[in-house]
Every structure is written in C-alpha cells, then in structure tokens.
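Chain nomenclature is as follows: A, B, C and D, assigned in order of appearance, with residue numbering initiated at 1 for each chain independently.
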Amino acid sequence: MDSVGVGLIGTGYMGKCHAIAYSAVATVFGLSTRPRLELLCDLGAEQAAAAAAAFGFARSTDDWHKLVSDPAVDVVSITTPNGLHPAMAIEAARNGKHVYCEKPLALTLEKAEAMAAAVREAGVKSLVGYNYTKNPAVSHAKRLVEQGAIGRLLHFRGCFDEDYLADPALPHSWRMQKEKAGAGALADMASHLIHMAQHLCGPIGAVMADLTTMHAERPINDGSHAATGRVENDDTVSALVRFRAGFSGSLDSSRIAWGRKSRFAWELHGSAGMIAFDQERMNELQLYQAKGPKAEQGFKTILSGPAHPPYGNFVPAPGHSLGYNDIKTVEVAHLMRGLAGEETLYPNFTDALDTERVMHAMLRSAKEGQWVSLD
Amino acid sequence: MDSVGVGLIGTGYMGKCHAIAYSAVATVFGLSTRPRLELLCDLGAEQAAAAAAAFGFARSTDDWHKLVSDPAVDVVSITTPNGLHPAMAIEAARNGKHVYCEKPLALTLEKAEAMAAAVREAGVKSLVGYNYTKNPAVSHAKRLVEQGAIGRLLHFRGCFDEDYLADPALPHSWRMQKEKAGAGALADMASHLIHMAQHLCGPIGAVMADLTTMHAERPINDGSHAATGRVENDDTVSALVRFRAGFSGSLDSSRIAWGRKSRFAWELHGSAGMIAFDQERMNELQLYQAKGPKAEQGFKTILSGPAHPPYGNFVPAPGHSLGYNDIKTVEVAHLMRGLAGEETLYPNFTDALDTERVMHAMLRSAKEGQWVSLD
Amino acid sequence: MDSVGVGLIGTGYMGKCHAIAYSAVATVFGLSTRPRLELLCDLGAEQAAAAAAAFGFARSTDDWHKLVSDPAVDVVSITTPNGLHPAMAIEAARNGKHVYCEKPLALTLEKAEAMAAAVREAGVKSLVGYNYTKNPAVSHAKRLVEQGAIGRLLHFRGCFDEDYLADPALPHSWRMQKEKAGAGALADMASHLIHMAQHLCGPIGAVMADLTTMHAERPINDGSHAATGRVENDDTVSALVRFRAGFSGSLDSSRIAWGRKSRFAWELHGSAGMIAFDQERMNELQLYQAKGPKAEQGFKTILSGPAHPPYGNFVPAPGHSLGYNDIKTVEVAHLMRGLAGEETLYPNFTDALDTERVMHAMLRSAKEGQWVSLD
Amino acid sequence: MDSVGVGLIGTGYMGKCHAIAYSAVATVFGLSTRPRLELLCDLGAEQAAAAAAAFGFARSTDDWHKLVSDPAVDVVSITTPNGLHPAMAIEAARNGKHVYCEKPLALTLEKAEAMAAAVREAGVKSLVGYNYTKNPAVSHAKRLVEQGAIGRLLHFRGCFDEDYLADPALPHSWRMQKEKAGAGALADMASHLIHMAQHLCGPIGAVMADLTTMHAERPINDGSHAATGRVENDDTVSALVRFRAGFSGSLDSSRIAWGRKSRFAWELHGSAGMIAFDQERMNELQLYQAKGPKAEQGFKTILSGPAHPPYGNFVPAPGHSLGYNDIKTVEVAHLMRGLAGEETLYPNFTDALDTERVMHAMLRSAKEGQWVSLD
C-alpha cells in the first residue's frame, strides 16, 4: 500500500503529539508508505471539527464507534484517558483496524489481557506508545549493552520524576480517582520506567513496592471553599526489583517532585562499565568504560548524532538535538513500516502485557507489604 | 489567504530542514494560513522528483528560474550554497515572490545589499534564516534583558564551535574556496553569533578580528594521492567588539574544534545578574540574579516549558525538550504569520545587512590588523 | 585547657586523613584549644616510627594498649578496621580518654552498644566520623530544611556508589569476609547514607532491603592461579525506608559501580521545593523553590562560599572549593571545641547507635525478605 | 637541611592560605624537609602577635625589615598588596633569603625585572604563586598535551571571571587606583590566565587587548553620601593573542561577572582532540579524543584521583576532591623540595617575567588600540 488511513481519537497532550508526528513523518523519513489523515474524533462535533482543521485531518466526528468502523481508516490512534482504551481498541480490532494505543493499556490486568487477545484474534497489528525507548540515544545504549560495551549487567537504577501534581493547591480531578485513573505515578510514569528496565535488562521476576500519597486531600473546584476530595492513588512509588537474569534494581517515581520536569533517569551498571541517561538531557548518553589508562577513565558525554540512527533522518549534523516530538515521529515511522510489513512492531499489546503485569504486581506488593513474584 | 504556495530550492541539510518545518508547522501552531507545498527544485530532474515525493511537494523541476516564476508559488525558500542566493532571491523578488533565504545572504556586501534593494523595490516580504534567535529559551533571555532582570548590560561573551572540518584528512572542497564559499567559520557560524549579539545587545560599532587557517592544505580526492588543495578561508575567527551602547564583547568561532557539535554558547553580563546559554543544551537557560540571601544565590537552570512561548504549541508539559527542527518550525510559523500580515518579519533582508556588515568588517580588520569602525 | 593530647591508632586512608586534619585545624580555625600530636600507633615499631615522623607525632608505639593508657593522651583517634574498634574504644574510655572513632562503630549491634555504654559510664566524650554531614553545603541544606525553604518533607532519595571493587579481577581480602568486615557496601558506604538520611529527615521507622553479591568469587593471591575465595558480604544494597515523620525514601549503594568515585548523591523532596546534592561535586548545592514566575523557576546551583559557615575559615572568596580533607578538618575543629566544652559533640556513640540499628535491620530484612520495624 | 625557617609577611586572604599550606604540607607529603614557622609580620604588633598565635608561628613583628633579615628565617613568603612586593623581595634576596612571592610580581615591568635581577644576583631561589598550574588535573592536562593525546595545538580559549566587584554599590578602594593596584582584572585574574596559556601553549608573540571600566565611579565610604571616587583600572579585559608556535587564542577576564565565583575556564583545541577545564569544578578534566567509533565519541569527565599525582598524597581514593587550599599545599611542597634541592622551582621570578611582559603589552595594546608584539 502507498498510504495508510489514520483515525485519531483524542486531541489532548498525546493526541496532538500523534498528529504532529503523522504530519512530519513522511518528510523526515522519506517513507514509501505515508499516513493519510482521514478522521479525527473528539468530544463535541464542533471541537472535533476545529481540531481536524488544525491538525490537517480530512474529516471529524464525535462518535468513536464511527471512527473505528470507518472504511477509510486503516489504523486507529488511541490517546484518550486509559480507562477508555480497552473498549476502543477491542472494537477497532474487531473491525479489522490496526491499533496504536497510548500506555498503559488499561486500568486492570484483565482488560489489558482482553485487548491483547482482541488484536491477536483479529489478526491486526498493534503498537503501544512507550516512545522513550525509540530515542536514538536509548537505542544506542541498548546496542552498547548487546555489544558487551559494559560487560555483564549487574544492576539497574532508575527514576521517573515530574512535578505536575507537586503543588498541593492543585484541584482534585479524575486523575486521583482509582476507578477512573487506576494508579497514579505508577501508571503515568513508572510504567515507562518498568518498560525501559525490561527493554534494557530483560524480564523482571519479583517486585517489592512501597506507595505513598503525600497530598491526601485536594480542593474541589465547585465554588465551595471548604470541600476537598480524597486522592486515591499514589503520589510516589519506590520499588525493589529482581531481574530474571539474576541481578537487582531499584525504581522510583514521583509526580510531586518539585523541579523535575521530565527526569526519567536511569543507570545500567555492568561488570566492565556503566551507561547513564537522563531524559531532561535526552540528547546525551553517559558511557563509562573500564579500559585504557586509569588517568584517562571517566564518563563520556556522547551527543546524539548521525552515528545513532535514525538521528540522521532529522539532521545531518551531530549535536543539534532532537526533541520530544521527534521521538514520537520515530515511533510513528516504526508504525508505518510495521504496517507496510517492513518491520515487526514492538512493543505490541502482547509485549506490553509484561509491563502491565509488573505494574499490577507492584500494586499488590505495596498493599500486602511483601515481595510479589512474577512467575 | 488560506494557504501559501511554497517553492523550495535545494534539498540538502537546510532544504530538508525547511521541508520538515513546512510539513509540521500548521499542526503545531494550528495556523489559519497553511503552507501548500507546490514546487521543489534540485539539481537533476530525477533527483528533484524523488525529493519532491519524499518531502511531499506536488511538483518538481531542475530549473530554478521556473520555480521563481511559477504562478502557484507565493514564497521561495532558498537553501542553496550562499553564492547562489543573490541571483535567485533577486529574480524571485522581481517576479513578486516573497523570499525566505538562508544565511548569510551573499558572499559580498554589495550582493547582499542588492538583495535587500530587490525585495524593497519589489515590495515583497523577506526573511533570513537566523533561526537560533527563535528558540523559546533565547526569546525568554531577550525578554529577561528587556525586563531588567540582569540590570544594565555590561559585556557579551560568545562562541560558536563545531568540528565538521576538524579532521585534517577531510578532503578539499568548494567550502574552502573564497570565490565559491566566501568566508569559512565566519560565514557559517560566526554570522549566527554576530546576529545573536546584535539581537541581544544592539548594534556593534567597531570590531577587531583575527582569523586563522590551521589546516592550510587538504587532500584532493581525484585518485591522485599526493595532490592537495589550499584552504583559502578561515578555520577560526576571534574578535573583539564594541557595542554602540558602550560596552565590549568577544566572539570566537571555530570549525575545527574537536568535540564541539553545536556549541553556540554565549553569556550576557549585566549589572544585576547574568544569563548564559549553550545550544548543545538548547532547552536550558542559565540565570543568575544578584538578589535574595547570598547563601541562596546561584545560577538557575531553567528548563524550557509552556511559560516560554511558543514552547507550549509543541508540548504542554515543561522540560520535555524541543529539537533543532522545532526551532525552524517556529521560524516558519513566523514566516506564515508574516505573509498573512499578522506579524512583521524579522530579520528581513534589510535587518540582516547589519550582520553582513559586521562580517565584512571583521574580514577587513583581520586583513589590516586593526580596529574597523562600523560607523 | 590550651591543648589536647592526641593519640592516633592507624595510619591508613583514614589515619592519614585524621593526621592531616589535626595538622591544619588550628591554623584554619584559629582555635584556642590546639591538638598536640603525642602518640601514634601502627603495626610494627618501625612503621609506627616512620609514620609518626611523617605525620608530625612526637612518639610512636606498636602497642595500642600503651596508647590508650598514655598519660599525655587526652583523646584517641581510632581508624583501624571496624572489627577492632570496640576493644580499643572501650579500653580507652575506661582509661578516661575521649574517643574519636571512624564509622561504623562495630560489626555487631551488641558491640556498638557496649561501646556507647563504655563512654557513658566513663563520662568521656565521643565522636563518630560521619564527616559528610560536616560539609558547609550539607549544613546549609539542613538549615534550609529547618527554615522551611522547601516546605514539608515528602520524600528522600539517596545513593552512595563507588567502584573500588568493581573490577572482578581484584583479589579476595578480609573486606569480603563477614567475620572480619561485617557487611560490605552497607557498612562502608550505606552507613553514611543512612546517617545522612537520619540527619536530614529524622528517625527511620522501618526498612525493607535487598542485598546482592554479584562478584561471588574472587581470586586468592597466594601464587596458586586457580584458587578463589567466596565473597561473603554485599556488593550492592537497595532499600525502601519509612521515616517516622510519615514519608518514604529509597537508598541504594554499590561498591561495584564502575565510574562512580564518590557518588554520594541525595535528594530531599519537599512540598515547596527540592534540594539535591552530589558529593562528587561537593561544593555545589542544588535548590529548587516553587516560587516566583514559572518562567524563571529552575534548580539553582549554589557554590559554597563564606555565606555557608565554616567555609570562610578556609577561604574568604566563594566558589574556590573545599576538598575532602577540609571536611575532616571541620570535623576535627568540632572535636576540639567539643573537648573544650564549647560545643556538644554530634554524633556521639549513642547518636550513632541509631545508624547501626538501621544497618542491622537492613541485614535482617534482606535475609528474611520482609519489612523490619525499628520500633 | 631538615627544616626550613619560614617568615610570612601578610595575614590576609593569601597570607592565611600560605599559613594553612605550611601547617599541612609535611603531613600530606611526608616531607624530609619540613617548614619551621619562625616569624610572622603584619601591620600592628598586636595583630601580628594574634595572627602568629592563630597560625602557629613562633614569633611576630610589625616590621618587615626585621623579618627579611631574621637569622632564623630561610624563606620569606610575601602576600602583601602587589605594590609592596618589590621592596620586600629585593631586601629579602639581598639578605640571602629565598623568596616565595604572590603574583603578579609588581606594578611595573621595571620593578618586576628588578626583583628577578635581585634574586639572580643574590643567588637565592624564588617562586611565584601561580598556584592553579599545580592542580593535579591541570598537570595531567599538560602531560596529555605533551603525550600528543590531542595532537598538535591549534587554538587556546580562556577566561577568568569573578564577581567580587560586580556590585556597583561596593565602595571605592585602593584596588581601583592605578598607583596602588596597577591594573584591575588584568593583574588580579588575567595574569593567572596568561600564565596558564603560556604554561600550556608556550610563549606568546603578540597581543591585541581591549579594556573597559564599566563601573567608572564608586561611592567613597567617608560618611558623605554624595562623594564618589573614580575607578582607574579595568573591570574587564578581552584579548586576542598569537602564540609563537603559530596559532591564536583569546583571553577574557572580568571582575564584575555576576555569578562567577572562580570561573577560570579554558580550552585547548588540538588537531586530534580537545581538553577543557573549569576551576569551579577543579577536580574535573574534560577530554575529547577523535578516535574509536564515532558513535562513542564524546567529552570524558575525568575525576581527579591517585592516577593524577600528587592527588594520592591527599586521599588514596579517586573522586574525593581536592580543594583550593590543597593546591597551595602542592605549591608549598614544591617550594620545600626546591629549597632542599630536589626540584627546580617553577615559575621563578625570571620565568614569571614572561607573564608580566604580556600583561604590560596588553595594557599598551589597549591604550594604543593596536597589536603589540612581544618580540
């Protein structure tokens, strides 16, 4: 096929992010298969029409059922709140649409499993938006590990901190309700961290987690001054993990970490070196190798460049920096090539179940106060 | 008008950069006036056709004269080697086309002046691609200066270093010939630095420059091993400057600075603080303010975010990083709005002459070994 | 008293460190009570005599019993392997000597308690060498917390990583034997981290730890090539902690972390800001305060200076950097003033028991795989 | 000789710095020849006596003539304002004393030359306090250059900025008077920078300098509110330089650079790599080498350690940080060994004349507005 008909559900943070990636991807990558922006769905017909105009989509609707059954749509981008993912993804799959869904898949493991089953049964392709692994710097880190650049893996350390709920005066919202949002920092950010740990270190065998809700009540914006709502999910999560490969790690995430804007930072400790990365400086990879004269050993700051594909598709000169949206463009290029049969989509819904399982094991561990095995 | 017909000449580094920006700009900014990718020109009909397909242009040509006279083209993007800018820009202007040209304008001041005269006489609009000033972090720096955040300006320090010619084994090319490329590091990078200094500190009144060519001979790739070609322009430029506002500065640039990939770094010294920036960490602004308790004074690392417009058009969350291409998208949004009459284009060809004048004054100063006044 | 007679046991890493601090402290601080370097004890009479000459001590001995009973000695510095601390400290105390002992106190909690009892019963003063809290930057961090600069504490994150045993080829030694060294990274480094967490955040109520030994066998240097010895203690420790004040933290430490030379890094997350510190840049304190315009918020890098006492005793100019030994000099100045009755020594042996208790609770937690309460 | 009798003139910033170094040096380095603190001279007999007590000197005087002729004094440390150096140094030399003098030597080149002549004629040894080159990280940088680690030198870039006079409200003082202080930032800081450039790159052949005085008037603290005094020397200096070896450099220094506390930062550009250093992070050396796979090239942050002598004399573990005073201790160890005939003192007064000549050439260049040759 020469082009892929795209249907996009949602026009918020991630909805616009998908739209930007679709608009730029063919030019950046010179794709043979280009996205064709067919149909956009948002709440309210007018808002949907406005967003379609702004994002360059041909048509709009306020009924997602129509979108997932539209004949011109080949792939459905789902960027709605997580609780809505399963129904949309499952119906899309049953209609024979490929599904590109934001993370995590669902609020419960059962629903996530149902999503994975639906795409398998329908024989459609799927992709989950764990975009951070698509950063050329991160891909290079993985390549370095595979090449033995830091020897045998011995330990993983990671955090993902932001401050989007750090202000205690921020109002209560659906994000703090278990029924609507599921977990808190664990779902929003630690899911990315878990996925990254699995991507770099392989399967996780057991977890021991501790969750806290430090801002337990938040004001309700209903004109009444005294009203507050209870925050039902986690502000912070800290976890010990054991990888199947026989080493340990620790993961931390907070949504109330003042000053951190996108501090998704991790370290790979190896028997011959270390790799470190911080998303706030997403174009820099830190590499220490225990070789050469001691007097010249040190962490190298490697700036992303054409030597780290597919950076060169964006800019031919090194050190010129990719941005957050560019990484989503890499992900969408992968989606296009996957749909064209040129690449195997990763992580698909089944792959992503591994991450969901760890998330839910952490929830259980924190509740029970003990190690939970993933076996 | 609802859309602007775009003609793009050149498909190299900056040509692709323009194309990516045109493809994403409407979605990112929700523009009322969208670019319409009409015609692309490159050397060779086949290559032009291939690039048009890859970049999403409707048609292609290998004759730039056709492009600058094409009725569907409203604005011409010129991304060819600098020596070719004047003829293209002048003919485009005479055909009533707006012109968006990469920097610097020309190899000689006379030609640059002719370009400025041509657009003025034709009554068309113009924009020069000094994109680095369009970075939200840089725009914020300028705003801070205007708000008096660091007091009265006292000094400017800047460098722009890369290593694209650092390897002495790199072959001789047209870039090293005065007739074809004009100056070296001075034209490629120091022009950006001069423009930035003027943008932040106002007009420059006098310059004292020193140029060196450290790799004076480079191998010629003609199969003959012994042949070398003479490098006729500058590998490094260092300059003292005096701003009209009564303070001094120093500017340095090198194209043979190993390890520097895009180190366009500068400092604004003020009577009440300092601002520092480094393009290699283009999402960070350093701000020191001499206020509050001494024990808590220090440089603040401000991560770009929605508080620094137009960052929020790209991502609603702070600290998620814009990339090099995103800044070009900001520039193209400015172009679109300028052509729609919503903003005044800056720097246009006349504005850019100030930078060309300083460049040529530096060349003369280096040759004569003395201060050259810009008065 | 005008001077304090010092007896030093041990001349290795920490022994020399004590000696340097004793030699400089009076000049740096203009002390009324100066150390008088009386007696030095090391293994072997000749080595002891040589060290005494090098370190400026008046006399030497190879019998520590003589040192702790010497009439000219007022305070005994103990810098031997940890297993030897208790006997020396207890005998010194019983002889009426004040005791300045390196950390941790002992291999078992019982012995540490016996040491604390001995100094209490003898009515002598004691100090434990948790020097990192004496860094002016760290003292300022504590002051900031107490002043409410970052609001209410919400979370603690810390690590202490080095690579002194990262090379798998390093030979087996007493340091890897439980009987002689006790714990591994937990005793060497995590003890500092636990103490820092307690110093900054108050008492710890419960811990959940995970220990690994990744290099389980190491070569034995006895001329036989094939022989290896089993490493009996921890290469890495990761722990979740709950502070009594109602918030959580996570602590990690590794002695096999390639590239880390003294990465004792921690973060204090508060309801109104964050403080971060890294010992590898021990003269920098990172402070984020959620106040002022959003566009100007960011982490401030505060360089140590005279505004952070007692930095000014070393250099009158800010940003000129203190070193590792300088912090020990701060500790010894505290010791001198404590012995002169001008300050209350902290942490004394009783204070330090809190840290030992957490260490041993972590050992038990790791063994049992469950949370251990400190109540 | 077993010990060296020390006489110290001055007890301010550098006076105390010398005293601390003398107190610690023998212990740190295990010197065979130890300093013996004989006599201290300060203004006022009481103040001198107090300082002698604080710094551990045996005797005191308020008459420097007595000090430079005292039979027990072997070496005289001169740490007074620069204008006083010549008389003291010359008289000391004539009395057969070795002289250890702070930098720069004098207010005029003639006086500096007279000092050099005096020590030569008297046959005594001399050392000038350009301490920054004694930092183990800097010594390693020089070693790397000599080993060809970055190839042939192509360019030098350096600055030395502080903010000790950045506040325009700071009162007028002798430091701003030409007659008493000579140059401003040029003498205080740029002298260090020039010396470092010469140390690393060899002789300077020509200079082109620009000086500014941005805070031209400062309040006089005499109770009268309206009075101000004229600042007669430079707040900032910027200079282009040509090294005899055939490459260029640029040097900048400011004493009004808010936020900079000890930013003595420089870069060595080579044909095969780059070395960069910043005194504010004085334990870190940045090294880029253009070798190995492009994807793994980057600046290495090398933390000072035992592999960089004489770091190991201070701490046996790498990355534990030396401080500003430690570098002075390295300098004093060199002095002690030089006096014992074990090393050749560098830079002695004659060596230091090279730096004075460049300083004065810069003053002349700035005055005349043209290049000044050092030939």
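We take it that a residue touches a chain if its C-beta (ideal position, glycine included) is under 8 Å from a C-beta of that chain, and two chains touch if they have at least 3 such contacts.
Bear in mind that the values here come from a model prediction, so they are computed numbers and not experimental data.
Chemist: Tell me, please, which chain's centre (mean of its C-alpha atoms) is farthest from the centre of subunit C?
Modeler: Farthest by centroid: B.
Chemist: With touch defined as above, tell me whether subunit B and subunit D contact each other through largely the same residue numbers, more than half shared, or through different ones.
Modeler: At the contact between subunit B and subunit D, which are copies of one sequence, the residues are largely the same (over half shared).
Chemist: I'd like to verify one number: the distance from the centre of subunit B to the centre of subunit C, where each centre is the average of its C-alpha atoms, in whole angstrom.
Modeler: Each chain reduced to its C-alpha mean, subunit B and subunit C end up 53 Å apart.
Chemist: With centres defined as the mean C-alpha position, give me the subunit A-subunit C separation in Å.
Modeler: 41
Chemist: Using mean CA coordinates as chain centres, what's the gap between subunit C and subunit D in Å?
Modeler: 35
Chemist: Counting only residues that touch at least two other chains, what does the list for subunit B look like?
Modeler: 260, 297-299, 303, 305
Chemist: Where on subunit C does subunit B make contact in their complex?
Modeler: 140, 144, 149, 285, 287, 293-303, 305, 307-308
Chemist: In their complex, what parts of subunit C are in touch with subunit D?
Modeler: 13, 16-17, 19-20, 23-24, 26-28, 30, 34, 54-56, 162, 164, 260-263, 279-283, 303, 305, 314-326
Chemist: Can you name the residues of subunit A that touch subunit C in the complex?
Modeler: 150, 154-155, 157, 159, 163, 166-168, 208, 210, 212, 214-215, 235-236, 238-240, 242, 247-250, 252, 254, 256-260, 267, 269-274, 288, 290, 297-299, 369-371
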